[in-house]
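Contents: one structure, followed by commentary.
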Amino acid sequence: MSSTEERQTDFEVALVHAAEASHLHDAGAALRRSSLWRDALYRFTSNRAAIIAAVAFLMMVGFVVLGPIVDRADPYAVNFGIAYQSPSWSHPFGTDEFGRDLFVRTALGGRLSIEIGLAATVAIMLIGILYGSISGFLGGWVDNALMRFLDTLYGLPYLPFAILTLAIFGVVNFWTMVVALTVASWFTTARVMRGQIISLKENDYVRAARAVGARWQRILFRHLLPNTLGVIIVFVFLELPGVVLGEAFLSFIGLGINPPKASWGSLAEDGYTAYNTHPYIIIIPSICIAWLILSAFFVADGLRDALDPRTRETKEG
Amino acid sequence: MSSTPLLVCEGLKKHFPVRKGLLVERTRDWVRAVDDVSFEVHEGETLGLVGESGSGKSTTGYCVIRLLDLTAGKIWFNGREISGLRGEQLRQLRREMQIVFQDPYASLNPRMTVGDIVAEPLVVHDIGTRRSRQATVRQLLDVVGFDPSYVNRYPHEFSGGQRQRIGIARALALNPRLIICDEPVSALDVSIQAQILNLLKDLQRDFALSYLFIAHDLAVVRTMSDRIAVMNRGKIVEMGLAHDVYENPQDEYTKALLAAVPVPDPVRMRERKVERRRLRHALAEPI
Amino acid sequence: MALLEVDDLRTHFFTREGVVHAVDGVSFSVETGKTLGIVGESGSGKSVTALSIMGLIPRPPARIVSGSVVFDGRDLTKLSEKSLEDIRGSQIAMIFQDPMTSLNPTLTIGTQITETIRRHHGLSRDQARNRAAELLEEVHIPNARQRLDDYPHRYSGGMRQRVMIAIAISCNPRLLIADEPTTALDVTVQAGILDLLDELRTEHQMAMILITHDMGVVAEAADDVAVMYAGQIVEHASSEDIFNRPEHPYTEALLGALPHLESENVRNERLTAIPGRPPDLVNPPSACRFAARCVYANLGDSCTTVPPELREIRPGHLVRSAHPASERAGHREEVGAR
């Protein structure tokens, strides 16, 4: 073993020697001080559609968070005396058939819809990332098998499966709804993540990590996954609208969370029967849903352009 | 100084399958990227491996450093056969053999700092403490001419030549005996190329390194190598002392290759044009 | 009168990080039948110069802020896009570095050639096809007629570049601009392409501008050489003069940095390395742009205060430096001994 130690000491001595004698720093100064995130932020803010969408998205989030705080009305208070009132100063969104203030109910409904949406999105991302990374990273027959399986799953219709899942659970609450929405929605994420991992694997810096002796865990978690961050962020904003709409649909057809708790979908269902006489009851939650979906999509689009690491590097010294 | 060469390669073959088929992919054909290649590298010397694109030179380098598995053939390093090493033994081998990659824009993880990149080999092999590693990293950067105060910056803040220095520092971190240089200056401008080549020469002297120097530029290979092997379509067509191969090439392809290289001397260029016309058949382009 | 006269051309890129002075006062002329080699490293402005001549710079963010490009008596910088389109392809043709991306992969080679011919000459389809086959033969592609119906992916890199050249000469241009035509090719293929360009230039009596970073290519193919650095021409002379009697410190260093193919003690010699990197073109140095890396620049000297002008140090040899080789006392021996 002493020859290894000898070599190590020789190395350290040589290192010190060479460092002292080196042609100091003739590499020159750094090119520029910049941060990848700051460049991305700049690209995002230069995109007018993306900024408008981001503002709209934040407005909606602001509404659902602050609405019930600003408007102190009790969302469950039944008061037939003021039922079916059109939007007015005291009730900005009007009242429903039970006389409940719709402004507060819409805001709270938004909270529920978005919470379910976020939970489902997180679940989708976790499953999709796990499945896709394993498949892409391992490659070979594992990848083949996993992808063939995924191909068959693609045939599953999303909503009927959500309904089926709810039926199996027998009860509709927050968590069963999240599971139902996740069950058939993670396929695209898995596929995209796999593609990302496969293309990132070809990079020289991954080869360099292998050449240095890094184990697979380090390669996956230190080299591959961090470089998929951009894609993941974009996907969050793409999946969210889908699940929110899914929840809305399920609630609309009566499979939503039980009353008196409301989500946008169940509010729309409430307003369905009264459409001819009091259209605002269904129109308002519908607009909210559309607002969230559109703003999220355009934010996703803007993020994708901003985070696209298309290096415009040219050959240089 | 032992008489056994540091690296011995015998009958190396690397064939890539060409898969075709409708439902089930069948291997129809093979791309013989490396087709029976044998050579040696002695301690302290540089063997230049030169060839055009598709000659198999880079693939040979990857096989030697075991980034690719061999289809056939054997490799001995420091007297020990390494062709079949796996797992922990292979990891230990990594400390003796390292590689510098061609593309300075792709060989550094864009999400790691310069310091982390150079420290990675030390971290992976659990060498030293955090503090000692930091000191070593600074010394390594110093040695390659890169200002150590930039240790917390990211690769994209630096030019190609600077990034290549970072890659070289990383390769040096484990104190390897052999470094495979895979086209280390092909992506760089001439004046920067000279900086890096000088650096590699200095490092060889200061750290008793041996190089397998892979390149397509004959002049670059000439200035770096003691011995040279010329590759064409997966095979070595000529090998010998650099001086002999360049002054007195035996193989037709080598002659044609040498005649085709542009030389910065207009008078010589005219003479070489005449030589090229004679060797036209060996220069026939692939269709 | 020269075929092309470029006078004090300045092309700047207006980016959010500032104004990049990519080409900052470039002047030269090209005569019919001659080849001008423009050599420089990345960021020297050589490609932008070529694109500026053709009016192909991306607008925005780039703009020709001043200067003129007089081709055959007409100033190209003042022409409309429509007039430029008529000139491009028929009078001035350009070939680029990467033949992989210059050709449309979904069209046959024949279609791409005949497209250009018919646009400028209004030939019938059969006439154009014959002409296309002739052109492929002229660039030495074997089995020309059959290969017209092949798609680009069936051609190798060198073959594709020959096709690009065929397209370029199809309308008998008076000037051919070749931007790094051989950089992406193997060295044996490169030699063939340069030979071909030379052959065509004499046959068609074209003028040629050859842009490259490779001094060897320039030695082989150019009659005159202009060396560019940081957006300016720092030396301009005949090919023999540049190599045998370089004046500018950058040219000398560049030649010294080249590893020699044919010399004796190559293995142990050090290459002349120029320390540092080219200057930032957003804020170029107000005086000599090479001063920061020049071994002859002295503080308190004009190098850092007065921008050197391009002056004629010998007939036909221009240099932009306060310390050209022939004016350095005691350095004459160094140059001679190389």
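For clarity, chains are labelled A, B and C in written order, and residue numbers in each chain start from 1.
Throughout what follows, a contact is a pair of C-beta atoms (placed from the backbone, for glycine too) under 8 Å apart; a residue touches a chain by one contact, two chains touch by 3 or more.
These numbers come from a predicted model, not from an experiment.
The most central chain, judged by the distance from its Cα centroid to the centroid of all protein Cα atoms shown, is B.
The most distant chain from chain A, with centres taken as the mean of CA atoms, is C.
More C-beta pairs in contact connect the chains of B-C than those of the other pair, out of A-C and B-C.
With centres defined as mean CA coordinates, chain B is found 43 Å away from chain A.
For the pair chain A and chain C, the distance between mean C-alpha positions equals 49 Å.
Distance from the chain B centre to the chain C centre is 31 Å, each centre being the mean of its Cα atoms. The residues of chain A that reach two or more other chains are 23, 26, 28-29, 32, 315-317, listed in rising order. Those residues of chain B in touch with two or more other chains are numbered 159, 161, 189, 191-192, 195, 198.
Residue numbers of chain C whose C-beta contacts span two or more other chains: 41-42, 273, 275, 277. Partner chain A is touched in their complex by these residues of chain B: 65, 67, 90-92, 94-95, 98-99, 101-103, 105-112, 120-121, 124-125, 136, 139-140, 142-147, 150, 153-154, 156-162, 165, 167, 170, 174-175, 187-189, 191-192, 195, 198-199, 202-203, 206-208.
Note for the complex: chain A touches chain C at residues 23, 26, 28-29, 32, 42, 314-317. Taken in their complex, chain C has these residues touching chain A: 16-17, 41-43, 273, 275-278. Of all residues in chain A, those touching chain B in their complex are 7-8, 11, 14-19, 22-36, 203-205, 207-215, 218, 222-223, 226-227, 229, 309, 311, 313, 315-317. Within the complex, the chain C residues that touch chain B are 41-42, 142, 155-156, 158-159, 186-192, 194-195, 213-220, 239-240, 243, 253-262, 266-267, 269-275, 277.
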